[in-house]
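Questions regarding the structure given below will be posed in turn.
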């Protein structure tokens, strides 16, 4: 709504907590980028690292990173930003018992130490070359005193950061209102221009569209391709942009045999290969996902550093799939629980392909958290999942997340683990490329997963709004202007 | 002779039903004078209640009423507007229904209902109306009348309720009371009390009354004039003493023989009976409706039935003496 | 009257207790609450520790009574998902649902009662047939579908009403209609039947015989008696409605308690679900209790006994 | 008189009734210490006003209700000990409402043969024969066999009910107001039928009625009930000629014979009908009794013998201060 | 002897049935849908599960589609008509079985309460109160979420939740019938309790039962649709009408027929069942009209 200088945005999901360390959804990332700043910033177009709250940084040794902080920055509540805030934030989030939602984002840090008011050192637990990427992503800096006082739940209700927008109102489950931070420091994120951002939670796309039509929403995103197509054809009312995202959809199989399924067909390589052969990925991409989506064969997003593409590919071949099943001792197929948490239509299409080769699915649609819980317990024999890597352009953000024998690892393959251990801790890019490639090829050969496709996001906005989306699926309010 | 208070001629009530028209009441005539009590007696379904509702103008909308004349003290009821009828009802003509348990509104106190009865027709203050209510409750034999006004109908026994209903009927000092089986639902002892009350009050207040019942005993004790109803017709009308003393219609005599009479019928002996059932009144009805059950029926009974007897005691029969002689009685 | 209220209250509390027990049992039906609570990174020992810490290792009845004791004080535990006290979570959302329920039942009553009365006055007339048709059709219409159609027609095609949200009274119009129409047929039929029965009763004839006018007969004598069962039904329907607001709230994206319930179920957020089941039941119980008291007051037969 | 076929010894039945929807249940003595005996072939008329416990007594005799205390003896045997089937063979009911006493979903043949089937008497053929015979006995043609109750008039239905009661050849028939729902013209047919059947089969009736004229016509002995107690019992002639109890007297007074020369009688009874849940103290009848004195309020009268029965009234108790041996109506 | 007048109850019933348009209409629609459901494999032009991603959301014939897919295809290119036809199976099966389960539970409870009275009645009345106090949709959703949304679970949950009306109505009708004198007569004849209940009481309340069965069937069908719509009912790819509405909803603004077609069919079925129920009540027990 240009007249009121208020951009109205719809969110699909309700955040469990506005505190960016305590939610794990895409919407949370968007909010995080708007309200808080990280120490470093990666330009989404050039992929160049720039200083944000830190102005410079250097590795003192393999595990110690020293950063110089920007001076003169204040938090939204007026408190000045300095080394104490960095130390407090890092030390708080790095502690596992504080329960940061996505441990992977923070558990590489051991602690931080203050050198002087504007210099800090961050110690990593192991050698961790992706540190810069993480520091420019999910690790936001919080005001030490305020956070100590209110904690995550207080932060959730009244968030305070240094970011380009400050939160003026939180009505849980309904909306947040962001106001332009007039005192925003000279950040590589750029200065905000739109005065107010009103973010409403509207879970149903259809309702979002209805609101868009009636003019009470200016921008929606993650619009399914069908609707986006229709909206684009409506011509002059809306701008529809499509951008690829780092999100990869895949089928996870219980290759480790942790589920209660007995006999567990997924322990058999042939069955896993059959699953891989059974699905026409290209048809899914062409007809369902459309846009900039691509078929993916790896357990990572192709643009990610280390995401080798020379891996085994399983062409769509239902006959072969049936044959493989028969070889594995399932001439008539078998029945399996099949879980999914989003894109019911994609999952349904996939299950239809599986049914066609004899794998009968007992389909169950769960919320993300519930499925994640099942996966951690290893109770989902077959599930359709997606991973967005927190927009971190490094293979470790995906493959290392799932194949290092953690609770979410459904394969538990030692070879993969070994390769990933080397890759994750090496500082030499070539070594990393080599070992990620090793792991990824092993994963593809063993058909531990059936990677499917990359996602794309459709952004639909009224013609009043001017915004060019970036491929990392993060809405940048600072980049938005009124036409 | 003075003019009758109510004079009905040729009252006919037809009810259109899916299976044909039900001729529920078929051309009845009667006159009622001030202070007089007319009892209409007849079997269930003979049309007694419909007749009384027809006088009140309270018939269901689907029932068609026709009459040559229905004159109430100069007002022709068949032509009276709704408004006129409403003004008459409750004021000059009051009605008492059969079921004391259900004829009072359970949601209001009896005081409210009594007072309403008066204030609908007289512009008097609530206090005046209340005083009148107390006076009448006392008159109908209810003790502690003032305190009863605040009670709800369910707090009273059947006998008391019927007294309240009677009091309500008397609130506006009506000229005519129509009581439709006012004691059928009551115990015999209470029945006697209520009847006595009604008789005393009507005499005292010089009110005419139409009392409907199927109990010949009640008729005999209460009526000045009797109308015997059968299948929608008044088959015999006359002064009580005459009708009971010298019943002319075979049906009337049949009824009287059916009831055991202490001291008259032989204990344990056989009672008289009327075989068969009341004929259906749906569709065209021809001749004497009683002929299917009458021991003296002849061919002629299927034709036109003449009105017999003199003006005060009349009956409908092909036999000039109502077939008394056939039964071996002196005509 | 007072003993009646006390007895009735006792019954209400007993029902509430039973329902609370059932909703509590759901937690156990759903598997290990400790695992859910311990969170994603928890190991076997962690879960065990949580189990002991929260007392999940004790007999169910003991846990139930503790939960109940806390629930009575308004403490329903912490949401698994939001990690916030369930009570405050629900308190935030309840107002939307209550407004919706109140509007819904008012809408139902304001349409159904007059329609029922008119239908009863003229049975088999056009109005009666229309009312009957409306009630049969109304009962057959899936409310989510009805809601969607309304959104398309009034929200988008005509653009008269905002399609979703709760920020002004206009937002409540369509949800009110969708929620209310479901209760309407029952109320309409009961009003009609009650009026028909009452209009055929002796005391109505008595009122007419007194010379009372038609309006007086209908409204003073008949409606007063016919409305008594409608009051109970309205209370029951109101209870059902709040439970049924799940569907309506999700269609219209109203962030009320019903919507929270749906989301919490999908998220396996059991403490919230439990509390919501209990709260919706309490609404039903309280409404029916109030209706009974109101009835007892409206109906002198009950008042004095 | 022969040995009684049916005897009641101090039978009482107390219901616990709730006052209002949630009131405390209070005891209601529907039948209060009743002793009676019926000889074979006798007709005991039981009269009394509504709610005095007549039907309850009938239900106890039929085994439909357990007495709270006391005994019912059939041929000297306590029926508590006999099984229900055996009792049912000997005692059968005829109810008041011919419209509700026949199952509307069953044909007349089904209804009348039910006792035979329940008791497993005979085969299908002999049952059919027996049904036809019994229907003939009550004056119904065989063609009614396949009709339904809704197709019949009240009088015909009552005949079906009588047939059902008689098909097992019981000794005792309990008639609970069998004619009060019928028009007089039909009532007389049923009364005649009952009389004929009694003569033919030597039946014993307990005949409950409001209508004293009917009772006088049919009964050989009469018991007058008031608030659960038999206040007077005597042979029919004695009772009608010389009623002792003031209530009996009032009842007889209220009989309205169709005699236009008599006006409406004055029963001299008060109009206050007592609440059975909290009956008046002393003699239950005292608030309505024109002869009541203070004694009646405090002390319940005991039964004193009278010709052919007993009476419960201080006026007739030689030990009472109120004793008036000459007191009759 | 006097005449036996009047038609037999059966004749009256036949006459009332043939004169009741609502009942006849409802019956006809239900029978047609029943026929469709039974012969679905013969009637459906395509396999309802066969997806064809290249021909998604083809318009129905009346909106410019072809006769290949008379009602078009859904978002996965499955034939809409075939899914609709198979969906009749799901709806009718759920309605019938859920109503049967709840009917057995509710009738047993209601009849026992009405017949035995006293403590049994108090307990049953209490249970009915408890059941009514539980929000059905919420509880059903919760249980389905916990146990997973298979057809069996949905049917079971609905069956265990919808017995209240059966219990209420059966209790009331039993109470009413129990007071009739023919029940006392049968007891006085010496008939056993089970005989009295089964052959004297049941035949007189079975018409009410049938009415409730139909109404609850409609109720169960609607609830299943609502659960499926909320994503917690029958799971894909089962062709449930509720699920079809739910899936079609996303494109509602652009392809409204995706929502309208299953919605109208669902509405028609429920309407027909309700009309049938109302009609049955009118013809069998006009006095219970309310």
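Each chain gets a letter, A, B, C, D and E, in the order it is written, and its residues are counted from 1.
The rule is simple: contacts are C-beta pairs under 8 Å (C-beta built on N, C-alpha and C of every residue); 3 or more make two chains touch, one makes a residue touch a chain.
Predicted, not measured: the structure shown is a model, and the values here were computed from it.
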| item | value |
| --- | --- |
| Contact distance in steps, from subunit A to subunit E | 1 |
| Subunit D reached from subunit B - shortest hop count over touching chains | 1 |
| Pair of chains joined by more contacts [C-beta pairs], D-E or C-E | C-E |
| Distance-maximising chain from subunit B - centres being C-alpha averages | A |
| Rounded Å distance between subunit A and subunit B, as computed from the means of their C-alpha atoms | 91 |
| Whole-Å gap between the CA centroids of subunit B and subunit C | 52 |
| Between subunit A and subunit C, centroid-to-centroid distance (C-alpha), Å | 40 |
| Multi-partner residues of subunit A (at least 2 other chains) | 204, 206, 210, 213 |
| Residue list for subunit C, restricted to those that touch at least two other chains | 148, 152, 156, 250, 266, 268, 304 |
| Contacts with 2+ other chains: residues of subunit E | 2, 5, 231, 249, 252-253 |
| For the subunit C and subunit B complex, residues of the former touching the latter | 201-203, 205-213, 221, 224-225, 298-301, 304 |
| Residues of subunit B touching subunit C in the complex | 56, 58, 86-91, 94-95, 97-99, 102-109, 116-117, 120-121, 152, 154-155, 165, 168 |
| Subunit E residues touching subunit D - in the complex, by the definition given at the top | 1-2, 4-9, 12, 180-182, 184-192, 195, 200, 203-204 |
| Touching residues on subunit D, where the partner in the complex is subunit B | 49-50, 153, 155, 183-185, 187-189, 191-192, 195, 210-214, 216-218, 236, 240, 250-251, 253-267, 269, 271-273 |
| Of all residues in subunit C, those that touch subunit E in their complex | 11, 14-16, 18-19, 22-23, 26, 29-31, 136-137, 139-145, 148-149, 152, 156, 189-190, 193, 236, 239-240, 242-244, 246-247, 250, 258, 261-262, 265-266, 268, 273, 276-277, 280-281, 284-285, 288 |
